[in-house]
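Multiple structures are listed underneath, in structure tokens.
Same chain, two partners: subunit A is paired with subunit B first, then with subunit C.
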Partner chain A sequence: MVTKEEKRFAKNFNINNLPDVPNGLPPHLQQTRVVSNSNPLTANASYVPCMGDSVKLGNFYENFKVDVISLTERDMEFDMIGIDAAFANAFRRILIAELPTMAIEKVLIANNTSVIIDEVLAHRMGLIPIAADPRLFEYLSVNDEPNEKNTIVFKLHVKCPKNKPREKVLTSDLKWLPHGSELLRESGGSTSKPKTYTSFSCSQDSLPEFANNPITPSDLDILIAKLAPGQEIELEAHAVKGIGKTHAKWSPVATAWYRMHPKVCLLGEVEDELAERLVKICPNVFDIEDMGKGKKRAIVAQPRKCTMGKGFIRDDDLIELVDLGSVENHFIFNIESTGSLPPDVLFTEAVKILEAKCETVLKEL
Partner chain B sequence: MESKPEEPVVTYVCGDCGQENTLKRGDVFKCKECGFRVLYKKRIRRKRLIPAN
Partner chain C sequence: MEHGSFKDNSHATFTLGEEDHTLANAVRFVLNQDPRVTVGAYTIPHPSLESVNIRVQTTGDPAKEVFKDACQELMQMNRHVRSVFDKAVTEYKAEQERKEKKAAEELQRQRELFGSMDIESN
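Now for the complex of A and B:
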């Protein structure tokens, strides 16, 4: 938490007082602000004026706001107001590429007589989202032994019976093996005890988090393969922890994106017939207001719903009356989780990762 | 080497009916059930480790 002294320090902080910052430069070099003219023909929803050195940390504490619009187990929409675009983008990038998840990395195929070849089948298994909290697991490096702290083992054994119709192999057929691998390694000497592909010292069942809720894929109706009568798939899949940067299968979000809150202004009175035309082009954003005596005018009812389509620029009269831009530093974030963690937890983890990165930089300075 | 005897016994799969046929050296190479003359060898029972990339 932030203390009062830290807040006071932040309010009085001026970047120009630091010893290394050059002073006495001509004004066009000293100032770092970039301003845009909100021209609807060129206005881009994601273009935002940089905040430059006029940002004060103290003001951030007072002006920053987060509004959660909707939150379900898988999706979240929330607004972040008063934050710089660099942060919003940093969070988006971390959510996509640097938050760890569990995903299948090694597939041990004992038998596969289906039409899906081994490599394609393994690739598909890798993309299956797994509902396991990655914070409970450690990374598995090349030198490590796969054990109960860094690996999740699944088994898939489906055979399509001879006289039955074609069978679908779904993610629901994946069975969790809390005791570790069951496939035996082919070892040279017959005297040594048979080893499996993992070395679990205790069952993952015994851990409190998994005691009564087994680890499963996030969705149980994902189609993995189809088997014709007589075909069989028998494999074991080992899931490990990783980040989206290494391979997209480890990305915890279906995707995460943001847009700027649109700023829609009417530069003059849009009345009667013009108003009708405007509402016809963008019915979601504009509304007709009755002014009595048969006169109508258009008002901006829901700017949030604007998709920045700029349909009005095709109309010669409306192009001069409507101004389209983005509200500065107001970001509408959407996070779609694939199921490993709820979206609000994902975002707090992303913040922690950004914090850790800043710590690293400060330590090195 | 006991696992590979002088007369190897192999099971083939018929191309037509899918019946498994165990044939020895010298047997006529056709399916015992339907007489189809194309027999496929079964997939090897060795574990393959494939990275899921």
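Now for the complex of A and C:
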């Protein structure tokens, strides 16, 4: 039988009140605790603070800003300010996995006497980026016939002549066949017109987009194989439309990534010798400012260049003077295209795809 | 697919097939911005199956309407992102063209200057 006394004792018992139970961290560990607002030990460029009301919808339409830092045919760096991590991540995921591209899928090998075996060669051909706008093509499903609207046909025929040194097979050797496949399928009667592996009803170079610019791989100096004297490769490659989710060869970006804009604050005056030490550890971010009379001070010159290396943590004095974190809702986006579309078009298409997903959901409801 | 109850239509779970974090996290964010929503969350029951469950609980309004509003709002936000981005890119390209033209004019002017200097020395 449990008495009332014992019940009350059990309810009020707290193990931490016992005299020999330690309270908090032992002294030697307490000194290594970092005292700062956002813990720089765990701060990294993708850290996002707890949700809360970081981006209110009402403010979104007024506060959202985009700053393009650099834009070339293949690379783009731009800032998105005032958007939430959920969106930034959604765009990144769509750029990598759900934007369609053209890539070689079927490889019909007529002759391959090189040291690269058939399947490895076919795999390599699939990874070659093709500079064709995927919006001009349709998907090829299992029941469809390959025709000029959904297939691009390339031919590769290279032979290394005897008595010559080793030859390299580059992507510049891939020839576009605008009239479709040239390999003949075996057919029963010899009277009917010979069938090939594709049924092009009209030539692709009659289309206005391809009239004067032939379809080529994005880079003409990619090495496909090497041939020794006497070896030969003769094959036909059919490229179709697909998305990165199915196979990474259909991903239109070399990569797309974002980081948060770093927030570097000096919690106190960093002078003279400490300033020198700080600038030595992170010369990209900090700078020395001369205050006259021989005194020097460290200032945060370019927080954008901070790589979150946290080298200052190893220095006992600097660890208490520097605070490292990320600016909320400020994303630095980088998109590297493989050549099918320029990066700004890629991003616009990615946003369109997210809209299309919402529409699909709305239709089902 | 909506899993709810016939009596109380302010609580429901929506199952979306062939979706993953890409759409679900964005919808969840927009949902939580709506003051009518008490619970807005999503889970992925198993990573091998492409399916997402979005839970919506509201303060009285039918969950389906609130979810539809969230999707509409998401589409609006996307359109806004696209327009702001396109404007920023056009501005940047115009700025680059201006800089190139200025640099080309400067180069041309310098060439003419050096050209005239040669004639003088001769």
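A few points about this structure:
The working rule: the second predicted complex is superposed on the first by the 317 of 365 C-alpha atoms of A that agree within 3 Å, B and C clash if a C-alpha of one lies under 4 Å from a C-alpha of the other, contacts with A are read in each partner's own complex, and residues count from 1 in each chain.
To be clear about the criterion, contacts are C-beta pairs under 8 Å (C-beta built on N, C-alpha and C of every residue); 3 or more make two chains touch, one makes a residue touch a chain.
Everything numeric in this text was worked out from a predicted model, so none of it was measured.
Once the two complexes are overlaid on the shared chain, A:Gly230 sits against subunit B while remaining clear of subunit C. Judged by the touch definition given at the top, the superposed model places A:Val115 against neither subunit B nor subunit C. Judged by the touch definition given at the top, the superposed model places A:Gly126 against subunit B, while subunit C stays out of reach.
Legend: residue contacts after superposition of the two complexes on their common chain; A:Met291 is shown touching neither subunit B nor subunit C.
By the touch criterion defined above, A:Cys265 reaches neither subunit B nor subunit C. Note on subunit A: of its two partners subunit C and subunit B, the one contacting more of its residues is C. Residue contacts after overlaying the shared chain place A:Asp67 against subunit C, while subunit B stays out of touching range.
Once the two complexes are overlaid on the shared chain, A:Asp84 sits against subunit C while remaining clear of subunit B.
Residues common to the contacts of subunit A with subunit B and with subunit C across the two structures: none. Remark: subunit B residues 18, 43, 45-53 touch subunit A in the complex. Put simply, subunit C touches subunit A in their complex at residues 1-2, 14, 16, 19-23, 25-30, 32-33, 64, 67-68, 71-75, 77-82, 84-89, 91-93, 96. Across the interface of their complex, subunit C is touched by residues 51, 55-57, 60-61, 64-68, 71, 78, 83-84, 86-87, 89-90, 93-94, 98, 344, 347-348, 351-352, 354-355, 357-359, 361-362, 364-365 of subunit A. By the touch rule above, subunit A contacts subunit B in their complex via residues 103-113, 118-119, 122-123, 125-127, 162, 183, 186, 229-230, 237, 247, 249.
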